[in-house]
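Scrolling down, you'll hit the structures one after another.
Common to both upcoming complexes is chain A, partnered first by chain B, then by chain C.
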Partner chain A sequence: MEANALDQALMVVGTVMIVWGAVSDLIGALGMLRFPNFFVRLHAATVGTIWGAFVPLIGVSLFAAGYEGLGFYRWFMAGGALVTAFLLLLLAPVGSHALARAAYRSRAAEVKPKVVDFLEEFVKKVMGGENDRA
Partner chain B sequence: MDENVLLNMILYALPVYLLAFLLYVVRAVKGPTIPDMVLAVDALSYDLAAFLAILAVVFKIPILIPVAIVLALWIYALDIYVAKYLESKEMGE
Partner chain C sequence: MRLGRYLQAFSLVALAVLLAVALTYKGLGDLPNPAVRDLALWYLYTTLNPEVPNMTVMSPEAVTAIVWDYRGLDTLFETMVFFLAIVGALAIMRGITLNEGGEGLHIERYGLSLITKTATKLLVPLIIGVSASIALHGHLTPGGGFQGGSAAAVAPLLVLVIFSTYYVVFKLRLSELSMISLRTLGLMGIYMTSFATLILGLVIGVNAYIFQNMPKANAFIGLPPALGGSLISGTLFFFNLFEFFAVAAGFTLVFILLSIPEVKAREVLKGEEHGH
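On to the complex of A and B.
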């Protein structure tokens, strides 16, 4: 039952990434609960998805690649977790960006700590205040 | 290092994930606007996909890995649907 050095290194790195992801997930959830409005909460969502979901999925992949106790399904689980991680890395920012754009253009959430908003001025000047249509 | 020690460390990390899920659910229920709720459900589900993958490795249940992939893809579909509805007030044909 003595695992070799490479497998042990993979498992230690995977465990560190999973625990790191748990801490980041808690930080992201606290930010999601405590931040004042939608456009500030997008920042907490970034922490919660990339550091709280992408990093532990890579950790699961490394852990499964070094864990001989999984038997026949070892590489299935390592590869599946890797595919999930890269899908999430591509899809989470695209989804958040589409949601933020829609929330801005439909005025569903207000831009609260605002110093200057060039897009709003541009739309008002060029398109005659017609901001709520795509 | 023995693999049982590492598995125990991962087991101690699981309640932290559950606490984070609880905070996301609070925001998803009381979020004042629609984008707030969708953003909270979004982050909750991506983290749930990671949690499923961790459970699959710790308890040796390989069928949970495809479940995590499908969950990530459906939550992306939710984002796009809600964004499209907010922008043009219709779901698309």
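On to the complex of A and C.
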């Protein structure tokens, strides 16, 4: 009976995570449409990849592990989902990093409206200062 | 502006409704003759069935069995089409090469940031591993040589973009020539595999066909369905293996050609104009 309770808990937690992922994807999509510039839209996109893909994949993994109806193959599904989630967690930030860096350095995307841009200030202070002194 | 948006929304909805109507009412046309369905059943019945020794392919993956055995000649010509497309790309880009001028180049300065490079270093072995499994298990699970080769070509493509073309050509030594050689070796392997049973038959002195895999009613010879206890389905494993190399090398070759800087290409084109 205890194993059954554990399975049920896994399935409930998994379902919650999958639903949470769907909600996050919706929020991310709204952000993609409504946010004013490239960098905040990129933030919305990463909400979609981490909360909207990593979290539900973990949910799928837990659900599969708790769903006895799948038989022995549930461990394949759980493992596959877990590995995919891990890779996504590792690689999605790298992708958004590359995008943001390229957009900033090529000045393809203007930071507007801008509250604060520490990188710009840093570049001005350090590089600009050096140039002035030279 | 507003009207345009309404028109966009309307046309999307109209497309969805029309597609639904079309698919519901005979959108797929008349259904084929029910007698055709027996063909599918026959493939499923014979694909891995030692009880019908002259019909079976000894592969549980019916798609690969159809692609490389039941209609294998068709696939051979598809491979030829891809091969000729690569030859066409090579002919257009002739003379444009990166094969020299790698000395004194600070290769590590090219490419994207350290974070991206590190992640790519982690990812590339994974891509190669997964694509090799897609190709080498092509006769057991969905996949095959072409699919595995295309997946494998993603690894050099990533390196091209993230580490730069110079890194691929001068550091990894994946030059155009080596890719052409690898591709040619893969194609030679495919030829050898398609002639394997025929040559075996000629040596032993029995009837055999080109592209034959398992024994047939009037040609009792065939390649072994299993090797060392694991299923290889005769020619299917070798076709997938060689196609994997041919396709991966072919795509990598095209990616390298496409990533050569425009300046280099212009040099060659200008040279031609001036009669050099």
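One rule holds in what follows: the second predicted complex is superposed on the first by the 110 of 134 C-alpha atoms of A that agree within 3 Å, B and C clash if a C-alpha of one lies under 4 Å from a C-alpha of the other, contacts with A are read in each partner's own complex, and residues count from 1 in each chain.
As a convention for this text, a contact is a pair of C-beta atoms (placed from the backbone, for glycine too) under 8 Å apart; a residue touches a chain by one contact, two chains touch by 3 or more.
This structure is a prediction, so every number in the text was calculated from the model and none was measured.
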Using the touch definition from the top, say if A:A29 reaches chain B (first), chain C (second), both or neither. first
When the two structures are laid over each other on chain A, which of chain B and chain C touches more residues of chain A? B
For A:M127, select first, second, both or neither according to whether it touches chain B, chain C, the two together, or no partner. neither
Have a look at where A:L6 lands relative to chain B and chain C in the superposition and call it first, second, both or neither. neither
State whether A:P56 touches chain B only (first), chain C only (second), both chains, or neither. first
So, A:L87: does it touch chain B (first), chain C (second), both, or neither? both
Thinking of the overlay built on chain A, is A:G48 touched by chain B (first), by chain C (second), by both, or by neither? first
Does chain B (first) or chain C (second) touch A:R101, or do both, or does neither? both
Of the residues on chain A, which ones does chain B touch that chain C also touches? 87, 91, 94, 98, 101-102
Where on chain B does chain A make contact in their complex? 1, 3, 6, 9-10, 13-14, 16-17, 19-24, 26-27, 33-36, 38-40, 42-43, 46-47, 49-50, 53-54, 56-57, 60, 62, 65-66, 68-69, 72-73, 75-76, 79-80, 82-88
Which part of chain A faces chain B closely enough to touch in the complex? 3, 8, 11-12, 14-15, 18-19, 21-23, 25-26, 28-30, 32-33, 38, 41-42, 44-45, 48-49, 52-54, 56-57, 60, 63-64, 67, 69-70, 73, 76-77, 80-81, 83-84, 87-88, 91-92, 94-96, 98-103, 105-106, 108-109, 133-134
Chain C contacts chain A in the complex at 112-113, 115-116, 119, 122-123, 126, 162
Flag every residue of chain A that touches chain C in the complex, lowest number first. 87, 90-91, 94, 97-98, 101-102
